[in-house]
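Okay, got some structures for you below.
First subunit A sits with subunit B, and in the next complex the same chain sits with subunit C.
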Partner chain A sequence: MKEWIFTTDHKRIGILYLVGSIAAFAVAGIMALLIRVELSSLGPTLVEDASQYNVWLYFHGAAMILAFLIPGLTGFVANYCIPLMIGAHDVAFPRINAFSVWLFWFAIVLALLTFVIPDPPDVLWTGYPPYSVQTDGNTAFYVFTVHLLGFSSILGAVNFLCTVIYMRAPGMGWNQLNVFVWTTLGAFVIQLVMIPVLASAVTLLLFDKYLGTTFFNPENGGDVLLYQNLFWFYSHPAVYVILLPAVGIILEVLATFARNPVFNYKVTVYGGIWGTVLLGSDVWAHHLYTSGMVDWLRIGMMVTTLLISLPVGLLTISLVGTLYKGSISFKTPMVYATSTLFLILLGGLTGIPLAMTSLTVHLAETYFVMAHFHYIMGITATFAVFAGVYYWFPLMTGKMYNETYSQIGFWLNFIGVNLTFWPLFGIGIDGMPRRYFDYQMYPEFESTQMLSTVGAFIVAAGMAITILTWIHGAILGEKAKPNPWGSKSMEWTHCEYPPGPGNFPTPPEVTAEWSPYNYGKHTAQSL
Partner chain B sequence: MASEEAHVHHWEWSYYPLILVAGIFFAVPLGFAAFFVYGSGLMSALFIGLGVPLIIWGCAGWAGEGIANAENETGWALTGLPIFIVSEVLIFLSLFVSYWMLRLTAPEWPPPGSPEIGLGIPIFMTILLVSSSFTYHIGEERLEEGDKAGFIKWLYITIGLGALFLLMTGVEYTHLLGEGFGFSANAKSTAFYSITGFHASHVLVGLGIFLFVLFPALSGKISHVFVTGAGIYWHFVDIVWFFVISQIYIW
Partner chain C sequence: MIRWLLIIALLLLSGVDEANCTSLPSDSQIDPELLRVDDKEYLGVKVTEGSVFIDSQGKEFTWKDLGDKPVILVLSYYTCDGFCPAFNTELRSVLERVQNLSRVKIGDDFAVLTLSFDGNDDPESAGMFREKLALPDELEKDWKVAVFKERDRIKSFTNKIGYKFFWSPPDRMFFHPNAFYFITPERRVSRILHNSLTDASDMELAILDAKFSRMKPTEIVNFAVSLCYSYNYKEGKYGLNYPLFIAFGSLFGGITAFAVAANVSRKKAEKLKISRGKGEKL
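Let's look at the complex of A and B:
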């Protein structure tokens, strides 16, 4: 027990991240079900009181983004895989790594206190003033949840940047890194530079509400839009913090199961990943198109927002190109990975109209926006996390999951999410506003809302089956064969199953010809 | 990193990260919310009374483990610290941007009712902080020459100058609050107290780091990486002060 709770080993810390983020995912998922049930019929359905609904919205958004997706991707997968992929015995600062994971766990505890304290936070995940300053809800807990998670991520960024700079196996060049390592470095650079801005924004909120300063109080020289600018300066790039490692996982899975090197490696890394990181910081104001801003700024932000399609397009080309002429086998990780191609396409293309200022005037604050970001951020990244858990499952546990039930879980999830969100694009265009507790004035949308609720319950069944396959596999699964997928990446070829303390029986060294994608075809370097 | 060190045969662990996080959790979110949200000074005092000793225990134990391992130091922390400082820079930058936005869109500045803030105290504080950077540097040079006693002497002087800086901040705040220039007076007081207070909190953290250099040094244990890192952080805090004085006091 002591070696788990007080562990400084990156693999065990990674698993602690996984357990915590899946717990947050489960609770936030239950919030989503409550929201869907509430919306399934006109008028108050479950609760009479909209403030209870606001608490659900708060917890669902904050926990899914800050406590599931970001820690699941940059906490769990990065911790478990990066030292193994680069041939290191641990991260650069193991104790700081343990510090990060416990900051994350205590942030989840703080968020869960929402359900037991009087006056819980009810400020959505955005915490916009003036409501967040004037509400009776406990905005302080929202602020401190962001602080703990932010501090955890910043320290994680420092840790992993140093790890990759100093601890690569002897002979491993920068162009021999797994694409997942690159995507995570990109995500961590965003975290390092942008999270402080979010932390400042919510800190000023705390000062305004409890210490009486006037940053966001227009009656006394403050400015409400200041908060929105600071908030989205982090929170738009946060989308790329989620998207980049998700694409990284998907590329690893696609390469392994298609027996192909990652297509267009250098362009993907230096154009796709770093292009997204650079441009990602210049688009935040498109969240403020209808909040009030000057026209020239609106057009500038429209241009940068559309420009970001280019690096994201490079990533998408790489995803599809990696499949080209591959010898593909559809195990569970691969079905999750390939399904994200569809989800990214739908989520990405619906982003383009939202970038257009003229269309946004109509679409802002409707279900169209909500369906768009659920596809591109929520579902794509969740499916990527699931692909990753299934893909590295034999490595982490030394055992195999049940393939049949996992596939059943996948199809329930995939059908369910599309049933839930696809119809919402339609009623969004027709004018259904988001965040409404009761939509008495739009009775024509009731049947679509009901359909969406049915979809949500199909997802819930799929998720339950999926998580059960992990628990069952970890405890009762058959012993896994070494390297069951036949990958060439270092975490599969050089480790024991599962890897023990210090990771590698003998510290690995690589030659200039070595590549994590060396499937006997052209290698990453030759492209 | 020595190659025989690279292969570890047991699961490594440490008590102190979890202790430190638990301390932060009790002292900061719970301590703050108990007082400001739920109005219970007693609960707040209990949480802070529980949290602060845990924080000190966690930091002391952590520093102890680091010092005990000082001969195996890699020096990577001296890359990690500047990377961390990037995020600190961004925090200060977003505070300054908020200040500029409030100031440049205000109909008049300073807003009516703001007292004149004298330059005497801040210039004295500048002298204190700049000389403290130099005294620390002299201490580091003494240490390189192998003169541990000289290092400790100059470290005392540095800590004294830093503490005097904080004292002067207190004097200035007391004076301004006495003139009725509270946190909520207007946009200027909002920016003034937030930025100077945030900088002062960094001075306080820097002094805390110095204490964790000082106490082991008194018993003869000195980590060179820790000494250099504390210096980098202190110089950073010093540099930020120039932005504070030029933007807040002189402009």
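Let's look at the complex of A and C:
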């Protein structure tokens, strides 16, 4: 126990991130079920009090994004894999890394206290004023949770950027990095630059509520819309903080299970990943189309939002191209990874109408938006995390999971999420507003809401089976063969199972011909 | 008696704040808040209803003829021998200072419309009022002094924008609020400035606010200036938009942290390079 608490080993820290983020995911998932049950029929179903529903919405949104997806991808996978992939013995600042994970855990505890304090926060994950300032709910919990997670993320970003820049194995060039490393670097650059903006916005919100300042109160010279701008300045790029590492994981899995190098490596890295990072910071105002802004800015943001489909399109082409003429085997990591092709496509295509200023007037604040971002961000990234856990499971534990139950878990998850969210596009177009506790004025949507709730319970069953296969595999699973997937990446070819302290028995050195995707065909460098 | 009433009216009409109100004679029966325009209720209201006007030269015009630009609307009555001329004169001198700031120019960026709410006013009285104003050349062309073509529309117009006034027979004068309305190119109320002693920069920022939806990419400086300030409804003036500066400052926080860490890492990596023996070749 003591070894885990005081550990500075990046692999253990990665696992601590995984456990914490899965805990947050489980509780946020329960909140999702409560929300779905509440919406399954007209009128109050579970609770009479709409503010209780707001608390569920708050926890579900904040925990899923800030405590599961971001730490799951940039905390768990990055911590566990990046030093192994680049041939480093650890991260650049191991103690800061340990501090960072405990900040994250403290934030999780703080977030969970939501359920025991008398006036829990009910400000959704956005915390928009004036509601967040006027509510009796404890907005401070929301702000401190954001502070802790934000600070933890900044420390992580600084650490990993330094690690990749200065601690690559001798001889390892930039074009020999795993795509996952590149995607995570992109995500960390976004985190580093933009999280402080969100942190300052929520801090001012805290001052407004508890110290009587009026930064966001127009009555006294504040600017209420500015909060929304500052919030989305980070929180839209946060979608790419989630999406990029998710795509990175998927590409690693696809390359390994298709026995192919990553398709169009250089275009994917320099066009797809860095194009997304650059454009991603210039699209936030599309969240405010209906809040009022200058016409040219509205049109400008529409253009940048549409333009971002280009780098994201490059990433998608890379995903599909990596499968081309591959020798594919559909193990559990691969079924999760390939399913994301469908999910990304659906989520991405439904984003295009939302980028259009004219269509957004109708679609804003409807279930269409909700279904869109659940597909592109929530489900795709969750499936990517699951693909990653299954993929690196033998490396992390030295054991194998149960393939049959894992596949059952996958199909329940896949069918469940589509049953939950697909119908919501339809009622969104028909005008069903999101965030409503009750929808007595739209009785025609009740059957669809019920269908969606059934889907949510199928997902819950799938998630439970999935997590049980991990626990069972880690404790009672068969011993894994070395490099069971036959990957060429350094974490598989040069480490023990599981890797010990210092990662590599001897410090690796890389030749110019080496590639993490060298499957006997063309290599990354030749593309 | 008349002198006292005039003093009271001046205090009322200048949109005095609470502190000033307390200096009203204790026997005053008029609550100044009754005449104050409620910003919250009337911002965003469209003003185009029944809007055919006649200017001091007898020419008819509408809002459309004022061009695709913001308009500063001042409601007055032209037989007033007290506050209305003073108020319009004050506007003239503020606009002269605005012209000197040279961010916005009358004619290019905005127009001014002084409009009578008194049904007895006509183009002739408007002309005399305009003469008294003695507008300088740069303001004259785009500052219209006008009356409603149809008198029966006055009340609905003023009601719509929350402008309350009444005639006091014993004093033979109107009691009315003192406010500059800023009307957007879409002809909606975007700001109401209550203070007669308006600062030139407040006036300029209110014009920029009114113009906000029509700002062109070439007006990026005006756009940025407009973002840097926000309106304080309580004080009736603009102030710096502090969160924006704090957010800009914080942008450098993460980058600075990275710069420091990168420097430390580089030194560590150099030390490691020196002490590290040859590793395994892949």
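Everything that follows uses one rule, which is that the second predicted complex is superposed on the first by the 527 of 527 C-alpha atoms of A that agree within 3 Å, B and C clash if a C-alpha of one lies under 4 Å from a C-alpha of the other, contacts with A are read in each partner's own complex, and residues count from 1 in each chain.
By our rule, a contact is a pair of C-beta atoms (placed from the backbone, for glycine too) under 8 Å apart; a residue touches a chain by one contact, two chains touch by 3 or more.
Only a predicted model underlies this, so the values are computations on that prediction, with no experimental measurement involved.
Engineer: Overlay done on subunit A, so just call it for subunit B and subunit C: clash or fit.
Structural biologist: clash
Engineer: Which of the two partners, first being subunit B and second being subunit C, lies in contact with A:165: first, second, both, or neither?
Structural biologist: In the superposition, A:165 contacts both subunit B and subunit C.
Engineer: Now for A:511: first (subunit B), second (subunit C), both, or neither, which partner does it touch?
Structural biologist: Second partner only, subunit C.
Engineer: Regarding the shared-chain residue A:116, is it in contact with subunit B (first), subunit C (second), both, or neither?
Structural biologist: neither
Engineer: If you count the residues of subunit A that each partner touches, which comes out higher, subunit B or subunit C?
Structural biologist: After superposing on chain A, more of subunit A is contacted by B.
Engineer: Once the structures are superposed on A, label A:141 by its partner contacts, choosing first (subunit B), second (subunit C), both or neither.
Structural biologist: Once the two structures are laid over each other on A, A:141 reaches subunit B alone.
Engineer: Name the contact category of A:475: first (subunit B only), second (subunit C only), both, or neither.
Structural biologist: Neither partner.
Engineer: Which partner does A:200 reach: the first (subunit B), the second (subunit C), both, or neither?
Structural biologist: After superposition on chain A, A:200 lies in contact with both partners, subunit B and subunit C.
Engineer: Please indicate which partner A:192 is in contact with in the superposed arrangement: first for subunit B, second for subunit C, both, or neither.
Structural biologist: In the superposed model, A:192 contacts both subunit B and subunit C.
Engineer: Is A:218 in contact with subunit B, with subunit C, with both, or with neither (first, second, both, neither)?
Structural biologist: A:218 sits against subunit C, while subunit B stays out of touch.
Engineer: Go through the superposed model and pick first if A:95 touches only subunit B, second if only subunit C, both, or neither.
Structural biologist: The first partner, subunit B, only.
Engineer: When the complexes are fitted on the C-alpha atoms of A, one of 9-17, 99-107, 153-161 or 171-179 in subunit B overlaps subunit C. Which is it?
Structural biologist: 99-107
Engineer: Residues of subunit A that sit at the subunit B interface in one complex and at the subunit C interface in the other, please.
Structural biologist: Shared contact residues on subunit A (touching subunit B in one complex, subunit C in the other): 92-93, 154, 157-159, 161-162, 165-166, 192-197, 199-201, 204, 215, 220-223, 226, 230, 233, 504, 506-507.
Engineer: Taking the touch rule as given, give the residues of subunit A at its contact with subunit B in the complex, in rising order.
Structural biologist: 2-3, 5-9, 12, 89-90, 92-96, 98-99, 102-103, 105-106, 109-110, 118-119, 138, 140-141, 144-145, 147-148, 154-155, 157-159, 161-162, 165-166, 192-197, 199-201, 204, 207, 210-215, 220-223, 226, 230, 233, 501-502, 504-507
Engineer: Which stretch or stretches of subunit C touch subunit A in the complex?
Structural biologist: Subunit C reaches subunit A through residues 212-217, 223, 230-235, 238-239, 241-244, 246-247, 249-251, 253-255, 257-258, 261-262, 264-266, 268-269, 276, 278-282.
Engineer: Give the list of subunit B residues in touch with subunit A in this complex.
Structural biologist: 3, 6-18, 20-22, 24-25, 28-29, 32-33, 36-38, 62, 65, 74, 76-77, 79-80, 83-84, 86-88, 90-91, 93-95, 97-98, 101-102, 105-106, 111, 182-184, 186-190, 193-194
Engineer: If you look only at subunit A, which of its residues touch subunit C in the complex?
Structural biologist: 92-93, 154, 157-159, 161-163, 165-167, 169-170, 191-197, 199-201, 204, 215-216, 218-223, 226-227, 230, 233, 294-296, 490, 493-494, 504, 506-511, 514
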